[in-house]
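Structures follow.
First subunit A sits with subunit B, and in the next complex the same chain sits with subunit C.
What follows is the complex of A and B.
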C-alpha cells in the first residue's frame, strides 16, 4: 500500500509566503477557468473582462481601491487580534455598528460644516466599533468567555439592531412609504481623489501604517506578541493578560468601526443593514492570507477588491457574480495549500505492515 | 530469534519479558540494556528516580516507542509492536499519567472509543462495562459523562478501557500521583483483584510505601539500567529500596568551598498555597537563603516544588505566610516588582514560561528589560540587538543570527540564553527550577558553573532539582520536600544519599 506523507523540509523553500501566494493564486485561477469552461463560458473572456473592470483604467482602479479600503481595515482588525492569539470574527458587526454610530452623528450634526461633520462621523464610527467589541473584550478578559462565539453572535445582533432603527425610530419620514433611514446630509460625503476614489484610501493607509508600526515596533506591540506566543511567558514578564486582551479587542473593533464610517461617508447615501456587505468576513480571509501581518494586509485587500469588482462586471455578459466568491475561496485554499508545501514536501511512502 | 509458534503461551510463567532494551533520544540515552521480567498474576513495581528510564521502558512495552535494540516478549511470544493498538491487541494496555478521555463523552463511550469496528448498541456496551466494573470493584457509572467524574473515577475509566479490550497486562504509570490516599488504597485492592484473576499489573512509582503495600515484586532502574531485578518486596525494607533507587554513597562529591554565610537574602515563612487543582500544595513551608549560598530543594516531582518556585517568583498567590527579599515584604508584589527588587527566576518550563518560542532571540533576550530599550513609544532595535549580543557572547549562546527564532536553538543554548538573561540583570537572589534537566553533559556543567559562580559572587541561589547528584554536588544545604512540607534538612557533610532518598519517599530516618 502506498500513501502520501508530508515531511517537514529542513529549510522552507526560499520565497516563503509571496511564493505561496503566487503559486496558490495561479492554481486558483486555473481551477476557476476549468469551472467556467465546464459551465460553458469562455474563461479568457471572463478573466479579461474582470481584469479590465478592476485594473483597466483609472476608473476601474478607483473602484478596486474603494473596495479594498473596508477589506484592508477589516483584515487589519482581525490581524491585530490574532497577534495576541485572539479571533475577532465580529468585524462585520463592528463595521455595521460603526456605520450606525456615524449615521447617528450625522443626524446630530446635520447643519455642521463638511470637514467637521466628516471627522466627527469617522470618530463616532471608531468609537461605535470599539463599543461593539467591548462586551466580548470584557467577557474574555474577566471570565475567559470564548471571543469567537461572542463576536460572531454580535454580528447578528448588529443587523437586527439596524433593522429596528430603520423600521422604527430612524424611519425616513420622506421615504414615501419605503422603509429606509433618512439620507445623509450632502456635506458628509468624503472628498474625492480621482474618479470614484476618495480620501478614505489615505485614511486607511495611514491607519495601516500607524497600527502596523505599533504592532511590529512599539513596546506595546512587543508585549502583544509575547502574550500571543505564550500567556505564561507574558505573566512571567509582568504583562497583564487581562489588560492586553481588553485593549487589543477594543482596538480591533475600533479599526473595523472606522471601516464602517468610511464606507458610509464614502460610498453610501444612507444607512442600510447591508452597508457592511460581508467585508468583515472577507477580512478574516484577507488577514489569514497576509499571515496576520498588518504589512501584508493592504496588498491582499487590493487583490480581493479587484476580484470582487471584477465579479460584479461579468454579470453584464451573463456570468454569475458567484464566480467572484468561488475565486476568492479558491485563492484561499490554494495559498494555504501552497503555504504548506513551502514548509513540507510530499513523499510517497510504503505503509509498513507489521505482523503480530 | 523468531517467534516460535510451538511455544505454548500458557506454559510460560512470564507475562512480560524485556531483554536488553536500548532506546535513545537526541542527547539522552533513556534505556541502556534495560531488563524486566514480570510473572503472570502478580503486581510488579518498577522503581526509579525521575529520568531513570521507567516511562520510556513502559512506552516501549506499550508500543508507543520502538527500541533501537532488544527484545520484547509478551506471554511467551516475541513481539514487535508498530503501534499502541498493536500492543493492545497482544494484551498490553497502559494507563498514562495524563488521561486520554473525551470529557463530553460518557464512560461507556470512552471505553469503546477507537475500538469499535462496527456499529455498537450502546445499551449492550453499557451493560458490558457495568459487568466489568462490578467484577473488579471499579465503582463508576457507565452512563455518566467524564467531565463529571473525579480524578480517581477517571482513572478507573482508563483501567476499564484496557480491561474491555481484554488486556492481560496492565501498565499503570505513576497511578497514585493524581489520587487521594483513600483512592490510592482502593486502587490497591482493585489491582490485587486483577492479579488474583490471573492478569499482571506493572506499577510504576517512586513512592516506597506504596510499593511495599501493593506490590509483589520490584525491579529497580537507575540511569537507564536495571540495577535490581524481580526482588521480592516482602524481603526488603524501605531503606534498602531507597538505596537501590538513588545509588550508593561512594559517589565523589565536588562541593565548592563554603563562603562566609552572612546576610539573609530570601526569607520564606509559613507559606501555604494551592496547586492548579485547588488542592493544598504547600503546607507551612519556611526557608531562608543567605548571601553566597546555594540552597538545594530535593524531592520527587509533584511534592510542591513547582508551586514553591512560582509563589516565590510571584506567579502564584500564597494563601498565607510571607516572602521577604532583604527586609522587604514581597508577598503581594507583582512578578515584575520582584524582579526589579533583585529576584531572578529560571522557571522549570523554559520554553512556554521563561521563553516565548515563536519569537526571536532578541525578543526573548529583552523580555525583562524591554522598557529600558525604548525610544519614544518604539523599541530601539539597535539597542535591543546590542543588549542581546552581549548576552549571547557572554554566555556563549550559539546562534546563527539574533533574529533567528528560538525554536531553532538546542536545549542547552536555550537555557544559556535564559540563564544569561536572568543573571545579566544582576539579581541578589536567583530561583532556579530544574535548570539542567534534559541538557547534555556539557550543558549541565556549564549551567552548574554559572550557578556556582553566581554564588561565589555573593548571590543567594535556591536550586530546585530532581537530580540528587546535582544537589549533592553544588548545594551548601539541602532541604527535602515531601507532601508540600520541608521534610528534612541536611547541611554539607551530613548529606547522604540514602537518608535523602528516604526523606524524599516520605520516610525520614
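What follows is the complex of A and C.
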C-alpha cells in the first residue's frame, strides 16, 4: 500500500512566509473566482472593481488605509497575547467596549475643545479595552481559567451591553423615535490627512512601532517570549508568570480598545453595536498570517483592508459583499496550505512507515 | 404552588415550550462540538457551520419540496464544511483556534453569498409541530413536551445515540482516547487522524442540523445573520456541561430558558431590561468556568487532556 507522507524539508524553500503568502493568496483568488463564476458573476469584472475601489486612486487608497487601522491594531492585540502563548479572541468586544468608553467621554466632555476631547476619547477607549480584558486576565493569571472562552464570551456580552445602552439609558432623546445613541460632538472628529484618511493611521503606526519594539527589543519583551516558550524556564529565571499574563492580556485589550476609539472618532458619527464590524475576528486572521509579528501585521492589514473596501464596492454591480468575507478566510487557508508546502515535501511511502 | 402567581399560565407554558425548542436547537450544535472536542479537536467554526446548515437546509427544502431532504442536505453540507477544519487543523496540524475562527468567517460569508437569492422568501416547506393525539392534549405537559417540532425529538434521540456511542462502544473509547492521549490511541493501533476527522465531520453535521432547526422550524426562512451568535452559545454550553452528553442536555434546557426569557420579561414582570437578560448564557458560562477553576483546583480537569493539541506521529 502506498500512502502519502509529509516529510519536513531539511532546508525550507527560499522565500519562506512571503512565498507562502503569495502562493496562498493566488489560490484564494482563484477559488474566489471559481465561486463567482459558479454563481453566474463575471470574476474579472468583480476583481477589477475591487482593485480599483481599494487602490485605484488616492481616495480609494484612503478608504483602504482607514479600514486597515482597526485590522492592524486588532492584529497587533492578538499578536501581543500570542507572544506569551495566550489567545485573545476578544478583540471584537474590546474594540466595542473601547468605543463605548470613548462615547462616554464624549458625553462628559461635549463642550471641550477638539484636540482635548479627541485625546481624552482615545485614552478612554484604551482604558475601556484594557478593562474589558482585565476580567479574563485576572481569571487566567490567578486561577488558570481558559482565556479563549472568557474573551469570546465577553464579545457577545459587549454587543448586548451596547445594545442595552442604545435602547435604554443612552437612547438619543432627539432621535425622533429612532433607537440610536446621541450623535458625537462635531469637534470629536479626527483631523484628516488626505482624502478620507485621518490621523488615526499615524496613531496606529506609532502604536505598532512602539509595542512592536517593546515585544521584540526590550527586556520585558524578552522575558515575555521566554515565558511563552517555556513556563518552567521562565519561573526558574525568576519571571512571574502571573504578572506577565496579566500585563500582556491587559495590554492586548488596551490596543484593541484604542482601535475602537479611532474607529469612533475617525469613521463614525455615533456609537453603534456594529462599530467593531468583525475587525476583532479578522484581526486574528491578520495576526496569524503575519506569523504573530507586529511588522507583518501592518502589511497584512492593508491587504485585508483592501479586500474589505473592494467587497463594499461590488454591491453596486449586484454582487454580494459576502464575497470579500469568503476571500479573507480563503486567503488564510491558502497561506496555511502553502506554508505546509514550503516547510514540508510530499513523499509517497510504501507500506507502513513506523518512525519512532 | 403555581396558582397565585402574578403572571398568566399561558406565559409560563410558552416560556417552557420555547426553552425546550431553543434548548433542543442549541443541543444539536453543542453535541457536535462535544464530540469533536472529546476527540481532541476544538472547533470554533460552529457559528459558520450553523449558518451553512441554515442556508443549505432551507435551499434544499425549497428546491426538493421536502423539509426532511433539506435536513439531510444540511447535515451533509455541515460535514463537508467541517472537513475544511479537519484538513487544516487535523491533517496539516494548523492551529485549531485560527483554523476554527477562519471557518466561522468562511461559513458565515459563504452562507450569506449562497442565500442572496433566497433571502426573505416565504417558505411553504417547513417542519410542522407534532401532534401525538391524547399525549399532546394533556394540560401543560402536552403543549410543552408533546407538541414540539420533530427536530426536538431528533435532538433527544441523537443525544442518546451519542451518549451510547461515546461511553459504551469500542469506537467511542478510541475516540475519547484520541482526545485524552493521542499517542496512546496511536500505539493501541487506532488512526488518530481518522478518528479526529470522523469526530469533526459528525460535529459539522450536528451543528448544521442546529442551523437547519432555525431555518426550517423556529423561524422558517433565510435572512442574513439568522444564527446571531448562537454558535458561540453552543461552544459555551459544552464547557458548561463539562464535556458530558447528559450534563450538556441539562445545560441546554437552562440555556434554552435563558434564550427564551428576554422576549418575555414583561409577562413575568422581571426587573431589568430584556437585553440584559440576553447576556445570561454567556455570563453563566463564565461563572461556571470560574467556579470550576476554584472548586476543582486539586482535581483533574474535565476538559479532554489533548484538546487543541495537533497530533503528528513523526513528532510525538
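The rule is short, and it goes like this: the second predicted complex is superposed on the first by the 350 of 356 C-alpha atoms of A that agree within 3 Å, B and C clash if a C-alpha of one lies under 4 Å from a C-alpha of the other, contacts with A are read in each partner's own complex, and residues count from 1 in each chain.
In the analysis below, a residue touches a chain if its C-beta (ideal position, glycine included) is under 8 Å from a C-beta of that chain, and two chains touch if they have at least 3 such contacts.
Predicted, not measured: the structure shown is a model, and the values here were computed from it.
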Between subunit B and subunit C, more extensive residue contact with subunit A: C
Touched partner set for A:208, first subunit B, second subunit C, both or neither: neither
Which superposed partner A:342 touches (first subunit B, second subunit C, both, neither): neither
Partner chain(s) touched by A:230 [first = subunit B, second = subunit C, both, neither]: first
First, second, both or neither for A:220, with subunit B first and subunit C second: first
First (subunit B), second (subunit C), both or neither touched by A:163: second
Partner chain(s) touched by A:86 [first = subunit B, second = subunit C, both, neither]: neither
Partner chain in contact with A:117 - subunit B first, subunit C second, else both or neither: neither
Intersection of the subunit A residues that touch subunit B with those that touch subunit C: none
Contact set on subunit B toward subunit A in their complex: 79-82, 86, 89-90, 313, 315, 334-337, 339, 345, 347, 349, 352-359, 363, 366-368, 370-371, 374, 377-379, 381
Partner subunit C, residues of subunit A touching it in the complex: 35, 39, 87, 89, 135, 139, 143-146, 148-150, 152-157, 159-161, 163-164, 167-168, 278, 281-282, 284-285, 288, 320, 322-326, 328-330, 332-333, 336-337, 340, 355
Of subunit A, residues touching subunit B in the complex: 213-214, 217-220, 222-223, 225-226, 228-230, 232-233, 235-238, 352, 354, 356
Footprint of subunit A on subunit C - complex, ascending: 42, 44, 84, 88, 92, 94-95, 97-99, 101-106, 108-113, 116, 229, 232-233, 235-236, 239, 273, 275-276, 278-279, 282-283, 285-286, 289-290, 293-294, 297, 303, 313-314
